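One chain, chain A, links the two complexes that follow: it is found with chain B in the first and with chain C in the second.
Right, the complex of A and B next:
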């Protein structure tokens, strides 16, 4: 919008809008961090003192450490598999024209729109029939389904900026398909693949519905939080929250910096 | 298939073609195969289970409509369905309205660099410990919690805000705001600026520009934001359970209860399929409306 022009929305209005939105998004995060250092068991505005006792309690709790290990295993495997599958699908869509291309794309974008409760239910039914219900591998298989679309989208966006002709030219000049891929496509897409790994890791690390349904006795961190939510007030949730926030926020902000930086913040042709 | 034309003799060419086809399949097939096995098959099984029966607490393959008849005849199911649908729709509209001024600022006011930072900060929470944030809201809203203490300090009564629609809405907004913000911002940033300038030069007032130029041009993206806010709120069950405190029995809660408490798999499957059907119908209606020709 040209600087001399009046905005359609009054300034006070959109400033207030920004303030309210960011307050809603960050107030719960800030409050969890603050209360994690509170000496009181019951969170209230009259904080009696600073304490790291809840951290000590969490870091010596065997069940929580085990859940953390489960979460890291599941999220790590999910990130690797989902990113590999997502990249493959993105590359296939970018490079080839094949039968059912639109259908494959539609199938790949469908999982995030199906309610997780329903996916969890369907997967539990399926996994118990093939005998892997209640294992961490079942959780990984399910998490790849919901995470791979994110990986595919991120990689596809990056590939869209690469000239298709370049790779075909290289092949016409005698380069084998795989050497064009390794020398041209992979280096170009690497930042997006990295972003995909981080985002899919975060998606899996935070997912609790499917993990709760299909993980059986193998609790992940969010499932442990869910179980605690059903019980009494427990200050250790704030500690777990603070630790997870610092980890996932770091991962996601790095990933977003990589992805959004490619566009320089420009979203329409007129701004380029 | 866009295989490059290769000048080669017939046998060599056939080999080359086979090689290229295998190479292509290596990239095309893995994701669809994974999704077919771990996504389409489980959902198909769910459809099948809706026709099965439960004999002595054991799920038994069958071909009966009894689960469908039972569930569709339940008054409280329909009450729960309309409650879920209405609440999510209300949340979706409220979240879209709430997000609009901020999206407007990011699209039209912020410089590209600023927009990048703001969008990054807006999306990041989507991936971070939703459950802990819900717990935080519980702390804010409970009696003696942060909000009621503030209200008491100003001489109010400071009752617990839990188990109200406001609490449920906060949960929905916590989940859906990032997605709505990014969809709205992209939609608004792509509105043709020359149209806005032209309207202004012709003397259109700011309000008229907003309602007659910007909103119609951004309609598909804004509708998509509304749809996603609805999808996410409709599927969400933690805020209904812990912020709504059971005052709002929604369909996802019903599904989990049916399975965990009663092993009523066929009935849970029927409720799930109803949810999916209503979601698809809503998505279709929204998309048709979003891309409708201006009449």
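Right, the complex of A and C next:
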């Protein structure tokens, strides 16, 4: 045993602690998954039988399907725009040295730290002034603001592994700036951009507060769920929760796999 | 000055804010010449090279290559490929893709690209690795890829920025020989930046010594080695002892230097260019330089004409030769280089009193100290 572990608590203690953390994190989710397959109207621990009736009900509910479509549209557009902006910002920070660079970087990464209620309210006020409040485009615009910093962070990590000399070396061999960007920087950053698309999609797909403030009558899935819950306890909620969770988890896992696989792989910065 | 230089740099200057990186760099290079630019780190040698490649924009000055002015052109239109210190190979490409890259950017057709790239891979002996990823090559192989990638463009001039610094000593010496051979065969002008004396002296036709943004001396390796013009060059090249003193008395066309450790005779012409002795004035301050291998060390006095009593401070073993570090009574350091077997005959231990002597003709006065009176300039940061 290494000396620094000599006086620490037994390993079992840490494992138990970790188990508690995971239990608290995942028990509610597991319960939602369980109850989504329950035949009972109300959730209780004596589950009387297995049923997929609530799934059938959700998949035929026009309001839910419309909300799902809204969510997919908003998340899809948000993912594309936020990833493009995030890459551009990360590239500017990587490639150029300019006055106030640190300040610009801090400002660009700031939005996720602003409380959502404040952001949502401010967005609503601003969007009403320019006349787009209550449209899906308003939700997209607002979601881009909170999702782009995540895209930028992912792209920055990847760019940091690329020797800045490579792009200049390409230019030195006759590549015009745009060719050097497309042939050298983009291929290297592509995995991060893909990861950014998946993560920003997940961020937008899950987001409730801003979507509720700015979306008006155009409900996204989280808004529809909470609206439903306000009136009644409906077992279809478990179904929506389970589906949303699986989808988000899948996206994030794929993103993680892409990023982890690449950063340890052969495309990492040349060893010298 | 050359009548029709191939690559001409005229009055190049670059500063960053108040920091002067290069000030007034001018050099005419003939076609097929191998030029080494050498100096301590921060002397401006790399900045000069980067200005040639267009990676830095000169504040002043002109660059002309084969009759065309290129200093206004952007990097990608200059056709001045650079072999980077870090090599800067494209890590996600194979060896062949790296070599083909420049041709692709110049719109060369796929078949032609392939043919020319394979030619160079063959020539540099790396054909076997053509389809391998560059990350999986040895240092020497990567070096060859970097060279092939630049040379495949058939440039008029090849720029090299400390290209061998990443290699181990054995490999670096091997590559030195190959580089020189390649350059002779191709007849391409090479501009080679290095801080290594052995690389510069063994490779170059002419060496440019820079210090603090300025050119100190331009000359053949022999010139610089045997006749450094300034104190800085003498110290940078090494193996030279310097004695400061005042010019004194002309007796029968002979000059002397009055040093703090006694009077020494200067050789015929004082080692200065013809006619320059006429400018020598009595009482003028001057630096006398004597190469270490021209200084004899004896235990007894009376063996040589110019003789200074010293203390033996240390011995430094350097293969076939040994450097003896001596200190004069006034505290000045001298260095003498002896053959191993001469040392065995010298019966002196560290701390012993010895005599350093040399033939007057082996000493020479440094020009720059006389003409401009300048010390090696400290850089204004």
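Just so we're on the same page, the second predicted complex is superposed on the first by the 252 of 272 C-alpha atoms of A that agree within 3 Å, B and C clash if a C-alpha of one lies under 4 Å from a C-alpha of the other, contacts with A are read in each partner's own complex, and residues count from 1 in each chain.
Basically, a residue touches a chain if its C-beta (ideal position, glycine included) is under 8 Å from a C-beta of that chain, and two chains touch if they have at least 3 such contacts.
Owing to the predicted nature of the structure, the values given are computational and were not obtained by experimental measurement.
When the two complexes are overlaid on their common chain A, residue A:249 makes contact with chain B while staying clear of chain C. When the two complexes are overlaid on their common chain A, residue A:172 makes contact with chain B and with chain C alike. Contacts of A:187 after superposition: chain C is touched, whereas chain B is not reached.
With both structures placed on the common chain, the touch criterion links A:85 to chain B but leaves chain C unconnected.
After overlaying the two complexes on the shared chain, residue contacts for A:35 are found with chain B alone; chain C is out of touch.
When both complexes are overlaid on chain A, the residue A:102 reaches neither chain B nor chain C. Annotation for chain A, partner touching more residues between chain B and chain C: B. With the contact threshold set out at the top, residues 168, 171-172, 177, 266-268, 270-271 of chain A are in contact with chain B in one structure and with chain C in the other.
Taken together, the chain A residues at the contact with chain C in this complex read 163, 165-166, 168-177, 179-180, 183-184, 187-188, 266-272.
Across the complex, chain C meets chain A through its residues 53-55, 74-77, 79-82, 84, 86-92, 101-102, 105-106, 133-135, 149-150, 153, 166. Against chain B, in their complex, chain A makes its touches with residues 1-2, 5-9, 13-18, 20-22, 24-29, 31-32, 35, 42-45, 84-86, 88-89, 91-92, 95-98, 104, 107-108, 110-111, 113-119, 121-126, 129, 141-142, 144-145, 148, 152, 168, 171-172, 177-178, 199, 202-203, 206, 208-209, 222, 225-226, 229, 237-238, 240-241, 244-245, 248-249, 251-253, 256-257, 260-261, 264-268, 270-271. On the side of chain B, the complex with chain A involves touching residues 1-2, 4, 20, 23-24, 26-28, 30-32, 34-36, 38-43, 45-46, 49, 98-102, 104-109, 111-116, 118-125, 127-137, 139-140, 144-146, 149-150, 170, 173-174, 177-178, 181, 185-186, 189-194, 196-197, 200, 206-207, 209-210, 214, 231, 234-235, 237-238, 242, 252, 255-256, 259, 265, 268-269, 272, 275-276, 279, 283.
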